[in-house]
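Each in structure tokens, the structures are laid out below.
Look for subunit A in each of the two complexes below; its partner is subunit B in the first and subunit C in the second.
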Partner chain A sequence: MNLYLYLDKDTPIHRMDPRAKLFVLLFSFALPLLNQHPLWVAGAFAVILAYGAAARSLENLRRIRQILFFIFIFSTLVWTFFAKGTDVLIWRVSRQSILYGIGTGLKLDAMIIAGMVFLSTTKNEEISQGLILLGLPYPMAFAFSTALRLVPTFVGAGATIAQAQRSRGLDIDSGSFIERVRKYIPLLVPIFLTAIRSSDGLAMALEGKGFGASTKRTFYLRFKWTARETVVVGLFLALVVANTYLTLTGRTLIRGLMK
Partner chain B sequence: MREMFTMWKNTKMVMLTALTAAVYAAILIPFKGIPIIPGITEFRPAQIIAATFPLFFGPAGAWGLAFGNLIGDFFGTLGPGSFFGFFGNLFQGIVLYKVWQALRKEATIKSGKDFLHYALALIVSSAACATIIAWGLEVLRMLPFAVLGSIIFLNNAAVPIILGPPLILLLYPRIKKWDLLWTEVMDEDDISPVRRPAVGQTLTWAGAFGGLVVGLLISTGAYGAKLAGFGVGSYGVGVQIGLVPFIIALVVGCLL
Partner chain C sequence: MNAVEVQGLSFAYKGSEREAISGVDLAISPGEFVVLMGPSGAGKSTFCLTLNGLIPNFKKGKYSGEVRVFGVPTKKHKVSDLARDIVLVFQDFETQIFSTNVELEVAFGPENFGVDPDEIGRRIHATLKRVRLDGFEARQPATLSGGQKQRLAIASALSIQPRIICMDEPTTDLDPIGKFDVFQVADELSREKNMTMLIVEHETEEALKADRIVLMRDGRIVAEGNARAILASPALLEECSVKPLEVAEFFASLGPGASLDGGELPLTVEEGLSAWERLGLAADRRRLDSLVSEKTRQQQAGYGDPVIEVRNLVHRYENGLEALRGVDLTIRRGEFVAVLGQNGSGKTTLVKHFNGLLAPTGGEVVVNARDTRATSMFELSKTVGYVFQNPDHQIFAQTVFDEVAYGPRLFGVPEGEVKARVVDALEAVGLTGSEEEDPFSLTKGQRQRVAVASVLAAKPEVIILDEPTTGLDYKEQESMMDLIKRLNEMGHTIIIVTHSMWVTAAYAHRAVVLKEGQVVMDGPVRDVFVREKELADVFLKPPQIVRFGARLGLPVLTVDELVACVGREEGARK
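And now, the complex of A and B:
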């Protein structure tokens, strides 16, 4: 089973320069955040969904649908009680706090979906490469991409160790909370030691291949910023600018919401 | 905090960062399905790594936590909160190893006094993480500080306080034998010494724990002495501006 969300498809968005996808991601976060009123947030939500549909990545919504559902319910409930409005309906609940709650729930979902679309269209190595092109120092990007590659290995090792310890009689489902937590030690220690032990060998292998010997590097993956990238990023930037103007003029706010 | 930057020229430290991040993410991911605050935080037994690896690997442990948390978010919860999650986890690691560095202790627990120091270091590092993330999400108006701050703090500290000491006792001798303690891996010249431990610790505590307490007070409205004042506090500008001095104090505390 593939742990990551990446979908191997041939769409213009998949083929875009990772820097452009990172900019679109940032603007996709900004769009819902700029609005208060749920109708405006729904507009931003629709833009993100349309972008996801163009990338043919909305099938991943199935994988995160539970998270999205709970986020929406939780945020709506929390803000319904925490936010304050002028038209009080009952106790702390006002018309404005309900609207704000729904808006925030939609906002969070929209941003999670934006993140999902980015991860569905961008390979791990493209993310690292994009970050390097944006100025992240190579060793940092290397550590990040190595970690990304090692995660499935350690998840697999964890599952194997858990099965091995259970077959030796480890019962992690019985006892008090503290007892159960303590029973995780026989699972954790072998995972940690396997990981830590390999670091020495990996470091030597890297140095043997000249890691860090030269400050100027060349890369196998190369990306080109074309007119397509400029148009897509420009479109999102224009939406953010227009939305900022509307927010500053008070059109996307909830009237009567108190701070 | 010079070592946070100089460590990147040391290949072993780079690998320790990657391994810490990978293990942290690998344990975070299976528990994404048990959310405490959906999309923001979940039951995190992986915090045991946040409470041990920075002691052994110092800056590599801290960067590893930051990257690992971000990778964990790649499994369905990547959002603007991930930005603050990155820095919250980074500072959780920094505060833990800096406190230990200031105490000039070995990265293990040999006595009741060591355990007390460890528990206090764990509390302040957990508070640092909670303050930064809860403040960040309050700035973005995603969740109230009162809801998030307390939950992240308890989530960060609860499991490690039980599991941390036995795990440290089990791991320390092996890591020391393999010469992987950060103070042995890095050149002494690349590590900034703790110049003013008393001032640094005071500022770190004031920034991290003070920030958390003040944030909760402002956010819940308890400063107005209203019993069960849930929902009557400031959920906006009060927390956003009120906590800035605390976060500055936390950063300065780490620098000293």
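And now, the complex of A and C:
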């Protein structure tokens, strides 16, 4: 079991400056958000998928497909009933509300995929390094990267503990819902205690190795902002600008939608 | 100026009455190599934490006295600033690894001190090579074996190149040659780079390399001195629960009658050999042979039909690494098997197949005539119990009773019988009377016993223990192993994974040696341990007394065996 999303691959996108990856993340959040009509959202979706394919990171889709599916169905259904449109089909459902529901579902999924591609191509260390390079104050980057670093520790401990309890005969995957919840108790206590111990240990290890000692921290991973970064970020920026223009002039909206 | 200067240091953790260390005075000069030994709970780890100021800056409590590192009082300084001078490797090394790959873990320290990236690259290369982790640069730490993680923790401290390094039990999970390497490296650094070394350790043979040994007990320093002098005082070691050197133990057991002609107690194999000659000792080979055949007969009398059969087993992890490459193995009922091998050789991977924690990616594992792939873990866990190395990964109940009763209750055993089983299990591990205690208030050695008891209560035929003696002091190790031996005599099949060679020699019947995912040696421990050369190729080293015996042409496994066949007057030792 491996819950890190990071994929250690050697693609041009993996090699990009983390600042560029952060910009791309920002812009690929913006693209779906700018649009309302599902066709336009689908366009943004396609751009994100293409970027993910270029980074050879779409294999991670398999791991989050249930979340994607659930979110899509849920928001489509909810908005189909809650949005209002002029061409009513039956009861609260209108042509526009269906379109809006599908659009919103796609939007959320597109954003999750954008986040997934970012995490698949960017190591924890690169994220904090990127944030510091972008001028985030040191203490904030410190806190942020500490939080990021705890994730793998917990995941690792969780997996070991689950193994330990399963080998005592704990059968996590069967029984009714209530039974299953009850079965998780033996996992929770050791996970909780391990979490406390490891966040304690982590803080001690970070300080003990001089984290925060010198204001002149260097980075072993080196990145250069090259033409490649400018082109990729520029391309996304151009898309966002063009899309903003089209949205402001009303061309990406669903006609007849009444909020 | 002293590298470390400790004066009248006492500390009690917040919420605890008892002082973890009390009134410690110690001075360590630059470039000195000091080993700190003592029983569990002696305050060794607490002492280490005071050195770089984590106590009292981070862990609060009642602190008095002073610690100075190169003249700087640690109490008033930020831990991160002190890291330039002193770096700790914690006992609990799993919690100090946090990077996404091996290389960045090693780079972390130097980065904090603004070391030039090119230089960091060179340090990564050099330190990973030193700890035999070269080639693992891009690996995720979570996919490393236990020993590989420990090596990584050491490398990430070395790369900072501080003036003092303090390592708290840094070799618990290392293979025998790996243990040796750590002390070799420490010795080199102290000699060549004038680095000051303080290592907390239980292994005596390694400690011989140190300039000085400090013995602690109950929060106090009970003795300190030249490594040889300390290791030649059996009574002192006994008092501090430190395993004596086996050669020394042998000569000491000959009694004062066999005076060493005023000479010192021999400590190494070479010294032992010359003392042997000087004293004109001779062994009764026939006596040894009959002793051996009697032992073998007794062990094999308990064997039944095969319970675990492994055929051409292959295991490939998700990342494509082939950890097992065609293992064939048959284990019979009643056997006591030790699985040995260097770090990363596939030991844990192998035994996790026996209770279904891992499924073969090739070949098959048959337990009790049933293919493990076709049997649920729930079923398998009734036959095969698995005690994890870290008891804290499984303990969750509020009382010892509930913890031990958990397995049987899961299997639907009626409550009346559950009670009986818990009583039996606790009795077997020597914890009768602790039913109502909170498991988390027990010592590590006791928690380990609770873990064993909770596996026992499910009455599995086979019990697997992954490194059952790590983190325990000598006496705890002995009593743990005596317990396991009793279980074996009661009819349980025992499989242990271990790096402890003396444990294997003294307790196991059979040794299975793995190398790069294949079985390279398999047979009675005695037969395997005489193949010293081949063992060295797989980074193993038989215990001192076995190597000593081998030089005399005597295939002994323990000090007792050697004593028995030297044939001195009876009664000196059983």
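Keep in mind that, in the parts below, the second predicted complex is superposed on the first by the 194 of 259 C-alpha atoms of A that agree within 3 Å, B and C clash if a C-alpha of one lies under 4 Å from a C-alpha of the other, contacts with A are read in each partner's own complex, and residues count from 1 in each chain.
We take it that a residue touches a chain if its C-beta (ideal position, glycine included) is under 8 Å from a C-beta of that chain, and two chains touch if they have at least 3 such contacts.
This structure is a prediction, so every number in the text was calculated from the model and none was measured.
Student: Which holds for A:Ala195: it touches subunit B only (first), subunit C only (second), both, or neither?
Tutor: A:Ala195 contacts subunit B only, not subunit C.
Student: Looking at the overlay, does A:Val231 come into contact with subunit B only (first), subunit C only (second), both, or neither?
Tutor: So A:Val231 meets neither subunit B nor subunit C here.
Student: Going by the contact rule set out at the top, does A:Ala242 touch subunit B (first), subunit C (second), both, or neither?
Tutor: A:Ala242: touches no partner chain.
Student: Quick one: classify A:Met116 as touching subunit B (first), subunit C (second), both or neither.
Tutor: Only subunit B; A:Met116 stays clear of subunit C.
Student: Counting only touches as set out at the top, which of subunit B and subunit C does A:Leu77 meet: first, second, both, neither?
Tutor: In the superposition, A:Leu77 touches no partner, neither subunit B nor subunit C.
Student: Could you tell me if A:Arg168 is touching subunit B, subunit C, both of them or neither one (first, second, both, neither)?
Tutor: Only subunit C is touched by A:Arg168; subunit B is not.
Student: Applying the document's definition of touch, where does A:Gly212 land relative to subunit B and subunit C: first, second, both, or neither?
Tutor: Touch partners of A:Gly212: subunit B and subunit C.
Student: Touching A:Lys107 in the superposition: subunit B (first), subunit C (second), both, neither?
Tutor: The answer is first: A:Lys107 touches subunit B but not subunit C.
Student: Based on the superposed arrangement, let me know which partner A:Leu89 touches: subunit B (first), subunit C (second), both, or neither?
Tutor: The answer is neither, since A:Leu89 touches no partner chain.
Student: Which residues would you name on subunit A as touching subunit B in one complex and subunit C in the other?
Tutor: Correct list for subunit A: 4, 150, 153, 155, 185, 188-189, 193, 197-198, 200, 202-203, 206-207, 211-212.
Student: Which of the residues in subunit A come into contact with subunit C in the complex?
Tutor: 2, 4, 6, 8, 123-125, 149-150, 152-153, 155-157, 160-161, 163-171, 185-190, 193-194, 197-198, 200-214, 216-222
Student: List the residues on subunit B that touch subunit A in their complex, please.
Tutor: Listed in rising order, the residues are 8-9, 11-12, 14-19, 21-23, 25-27, 29-30, 32-33, 35, 37-39, 45, 48-49, 63-64, 67-68, 70-71, 73-80, 82, 140-144, 146-147, 159, 162-163, 166-167, 170-171, 174-175, 178, 180, 230-231, 234-237.
Student: Can you list the subunit C residues touching subunit A in their complex?
Tutor: 52, 54, 58, 78-81, 83-84, 87-88, 90, 92, 94-101, 103-104, 107-117, 120-121, 124, 138, 140-143, 156-157, 160, 318, 352, 355-357, 376-378, 381-382, 385-386, 388, 390, 392-397, 406-407, 410-411, 440, 454-455, 458
Student: In the complex, go through subunit A and note every residue touching subunit B.
Tutor: Within the complex, subunit A contacts subunit B at residues 3-5, 29, 33, 63-64, 66-68, 70-71, 73-75, 78-79, 81-84, 92, 104, 107-108, 111-112, 114-116, 118-119, 137, 139-140, 142-144, 146-148, 150-151, 153-155, 158, 178, 181-182, 184-185, 188-189, 191-193, 195-200, 202-203, 206-207, 211-212, 259.
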